[in-house]
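Structures incoming, each one as structure tokens.
Two complexes come next, and they have one chain in common, subunit A, joined by subunit B in the first and subunit C in the second.
Now for the complex of A and B:
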């Protein structure tokens, strides 16, 4: 199994590296004059009168701090009157330095706040990780329960309801929940925003948990509701298919109830196609968190990414992309492990 | 008999709604809308729908206004125009690109397409030349065409040399799948967010972004279909009568696989419409002055009591998605 997982990981790591490098190089290809001017005015609020030389020196200092000095990539091409001149820079370039630091876990500083990117991301993950993992778990468990219920004679309108929800993008569902259940005019059941502000660290644990639940119910519900239809429909179809197989007929002939046939015999086989969907569940939920966190004003990963994108804060953006790619790797490993556990035939191949 | 009738009615409703949306989008500038696009009516800010105007002798805001005094009905009509203008070309282009790459990957696999050493050489030279031309004189694109023609002619004549006629396989499948997995290594919304931050918000930009990130889906579908088709007897007989790989793919295999891409097209379109509205809801990708269903929904986020700002665009979006899905299910069952 170890070899199997290692092989999968080795295949996906180059893609991750390539996409992160791509975003990094694109972000460095932009002109940075606005940004430097901003940083300069932030730095020198006190002293108004700057000579040209001082200004130049200050700019250079800021560039050095943000890692913007030197050529961007290993080679460059400059235009002159005689034509294009190709130049080789060796390892003294921004990309090489960034990559070397990134491998060691240092992703640079945020352009906006000047904090280390890893600290900013870690702070945001504290909110996003519980939200997305609990959404993933809840969606998986609920989909199994609902699909079993549907197979054992649940109401058919449930499926049509799920289809209807599936027609809406996540942000509409979240907005609908917000406007229905957190609205002082209709049903003020849940707060519309404010997570992470009230919780005092010294409160007793049950108070902390209940406040957390109070604030995270709506975001969680919208994430789960959006992911649920595809999972349930897939699992339901797979279960129906398996229940038509001969071994299910045998099990029924043995005298097992419909529920027992479904849970003991069909479920395991039906789970295989759904596990493929689970691979994408965690990254999809993190992406979904972008929307949900913006709507419910949660200080998490997704909102951080959206704000970084809007304000051109590239170190944070590149770090976020890297983190998402790692999450996908984790999702792949989890899915492969699950495949391994459900289907002995895969164990034989590996 | 009965279920078919029911399906037909649903199909008619779906087609009717789509025709309505498309015609509203196309005819938006000539529709008798009382308010021009993006105009601000400061006398009626956040007015609920169906109310008569508070100032006499002005037109009625049938679906209300948002917090800036923009008419919701106008925003919906022009939002449909934006959705059509962005999502439809992107979906079309992504489907065409995906079909092209997916069919090549499925048909030739990793070893099916063999290119002789001459063309590898010529291709490499051409690539270097293209980079050189683009970096020195981007306006001299005609030089590129000229060198392409020259490469073909020289290649043809070099083919006479027996040693150069040997061929190496071109790893089509690996390249296409690699590019697709590269794009899917990060969730699509995050990727678009990151790429949209790099370039300025514009209509062509968002069209390119959506195309670039969406083509793997039709490509995977068509590739799977061609893996099935290429083992069929009629392809074998086409090979037997001596047709070239390109001819078989283009004339015989692709028409079979094109049906899959066509069936999936409405789903691609609805996914892209959802993505476009999400992006404009987040304020990414499209300039803020372009009306969109997502922008109207974003106004609802600011004003929770204005239920009409959320309800009407959400209904339009849901109806469009469901109608497109209905088209797909009809095609599959037909």
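Now for the complex of A and C:
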């Protein structure tokens, strides 16, 4: 078991390195003109314009300060009239310097805020992880409960409702909840945005917890609602299939109730196809949910990554991709492990 | 199972329990919606409009803009600078206000201005933009008899130096250089074009290290400015709270001046990226001011009974415009008749209605119609006239084929077809509507136009490289300066003159406008420039935005204007509740 896990984990390292290196090199290949920012942007008319030389000098200074000068990789290829010319740059290149720092845990600084990338990601994760983790847990538990209820004779309209919700995109669900349950014209039960930290600062712990729950209800409900249908439907189908098997019929013949057969015998087998779905939730835990974070004004990972991409804040973007790649690959390892634990036949093949 | 259900009930109960406690708000606080985080409050970088507004609460420039009179007024300076010319130099003499002090009670003196300029030009600091923008300030001469008086030595001559020279936050020397070590380095040594090495100035190297360690991007409180507010809380991506200083220097002035008002005791900026959420927050009373409201929401709210009872609605004619530019270096748009013809295909009144719900206004060119002294009202506004466009196309040598398309014969005997593309920032609904309107109008005339929505960085690259036919973009102007050389001078082609337009006459006129100091003659030149712009049609100004702002009824004196951010948060007076 230990060797199996170690082997699988070691296999993820080159994949993570390849993904992040690709994103890093891609980001450095893009133009850096937008680093000049608003003061030197071309969006205003009437003010004194800069000469080409002044603009170039300013851009060069910014590039020097941010470490964007010099060759990007160990080698480069330039095309001239005589054909392609390959050039070796040695270790004095941007990628080598970035990698050397990255293995020590230094992912550089955000172009926008000047803050260390690890701190920026950490702060966003502080918001995202509690929200997405509770959403994933709640969706998982609810999916098992609802699937069991459905196979034990629960109302059929529940399935239709789940299919209807599944057809709705996340922004419709989130906006719908917001306009329904935070609207002064309908039901102003919940707050419209934020996490209420302003009101909960310096408050006793139970007030802080209740404020957090109060403020996170709508974002959490949106996330759970969109994840639930696929999980329930998958599990319900798997359970129905298992309950039709001979061992389930035997269990029923022994006098067990439908609920007992489902929970004691069929559920473990029915979980197999759902494992992949559940482990798929892992990268989403750190990736955040950009739609929910924008609608409810939460400063999580989704919004951070979307803004970093829109403003070309590449250090933050590369850091985020690294984190998500690691989580994705860990998700695969966890899926393998769960299969390994759930089904002995897979153990033999591993 | 039962436990789980109990857990769920408990969760809901706790949530509803908290629902009974509405969001607390102090009545002396003004709560404003911001669409994004300011990212950095470093006074050297100021990366966006929002950061600019926040920095204006913490620090003060020498001069500021009175948004009601739309003119520069002294802020830290006692009055506007005295201008003298000496050969190719402009000398601007300022005097700082006698009452102006830092938070520790020390007077704000000319040495602080010299310190600020050195910081703006020091290597190793994030000051590239400030350095480039104020590169015309070469040196500072301090007055030996008056510690508050100084003269800025500026390279070249331009009327705008008189106010641009006072547009940067003045920083306290005592906070970052208590030993006054930077005084040993002359400013002229730092402003020279050749790069300065930090190893040559160990004192400077130590200072740079201190400045960067202060983390002013997120902790501006490490460098207390002379502004009336201090940052008391910054929740990244959520909110910023500014609290008014109890001992601000301007409180001691005998006569209150509008630019030195700071009425709200607390200002909370709430960051709400989504418009629907922000609107809901406004209606719930979670925020007091919602600037730049989308046109349709503004109208809907204004018509609703509940909206009218709780809120006030403001509009202001802005200097921000939407324009279409033609690539004048590229066939088939390299002749002015074709460009003129295409200008007649924009249905500007319909576009104003469709994209801004009527809350925008047309102009004959780049000058705002509000600037009556310089606006050329003899020129007619552009109308939607496909027949006129057809006539102009024929004059330009185009002939309509039996297929309906237009072609013309080139000098070499080849045939050229009139087929175009329109490039604009992807995801902008207004640009999308404008592009579709133009495509439909052109299609009816037999001119195929392809829509090319493009990501903003790629778009900038395409515009710089001249890889487009027609572009759409937003530009912001102002009522103070009329330097069109970045936009339309041939020397700016490939940098910021995306239309690649420029004739010897227009280039000379643009330079003459910049140099001219007499207002009457400047107005004449500007009127002439608008005529040339209409005749040559390198670009078409479609409309100027009308800013829209909604505020809670308990707030008065917002000093709403067409200059960003569109209101003056420091002048707002919250009325007592009840």
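As a working rule, the second predicted complex is superposed on the first by the 291 of 350 C-alpha atoms of A that agree within 3 Å, B and C clash if a C-alpha of one lies under 4 Å from a C-alpha of the other, contacts with A are read in each partner's own complex, and residues count from 1 in each chain.
The criterion applied here is as follows: contacts are C-beta pairs under 8 Å (C-beta built on N, C-alpha and C of every residue); 3 or more make two chains touch, one makes a residue touch a chain.
Remember, predicted model here, so these are calculated numbers, not experimental data.
Once chain A of one complex is fitted onto chain A of the other, the partner contacts of A:343 are absent, as it touches neither subunit B nor subunit C.
Of the two partner chains, subunit C is the only one touched by A:113; subunit B is not. When the shared chain is aligned, subunit C comes close enough to touch A:57, but subunit B does not.
Contacts of A:168 after superposition: subunit B is touched, whereas subunit C is not reached. In the superposition on chain A, A:294 makes contact with both subunit B and subunit C. Once the two complexes are laid over each other on the shared chain, residue contacts for A:141 go to subunit C alone; subunit B is not touched.
More residues of subunit A lie in touch with C than with the remaining chain of the pair subunit B and subunit C.
In the superposition on chain A, A:179 makes contact with both subunit B and subunit C. By the document's definition of touching, both partners, subunit B and subunit C, reach A:312. By the document's definition of touching, of the two partners only subunit B reaches A:12; subunit C does not. Residues common to the contacts of subunit A with subunit B and with subunit C across the two structures: 30, 175, 178-179, 182-185, 192, 294-295, 310, 312.
Against subunit C, the residues of subunit A that register as touching in their complex are 30-31, 33-34, 36-40, 42-52, 54-55, 57-59, 61-62, 65, 112-115, 123-124, 141, 145, 175, 178-179, 182-185, 188-199, 209-211, 213-214, 217, 294-299, 303-304, 307, 310, 312.
Looking at the complex, you find that subunit A touches subunit B at residues 12, 15-16, 18-19, 23, 26-27, 29-30, 77, 79, 83-84, 164, 167-172, 175-176, 178-179, 182-185, 192, 283-284, 286-288, 290-291, 294-295, 305-306, 308-310, 312, 314, 317-318, 320-321, 324-325, 328. For subunit B in complex with subunit A, the touching residues are 132, 135-136, 178, 181-183, 185-191, 193-198, 270, 274-275, 277-278, 281-284, 294, 297, 300-301, 304-305, 307, 310, 314, 317-318, 321-322, 325. Listed in rising order, the residues of subunit C touching subunit A in the complex are 1, 4, 11, 14-19, 21, 23-24, 36-37, 39-40, 42, 45-49, 123-124, 126, 128-133, 135-136, 158, 160, 164, 193, 215, 217-218, 233, 235-239, 241, 268, 270-274, 276-277, 280-281, 283-284, 286, 306, 366, 456-457, 460-461, 464, 473-478, 480-487, 489, 491-492, 494-496, 498.
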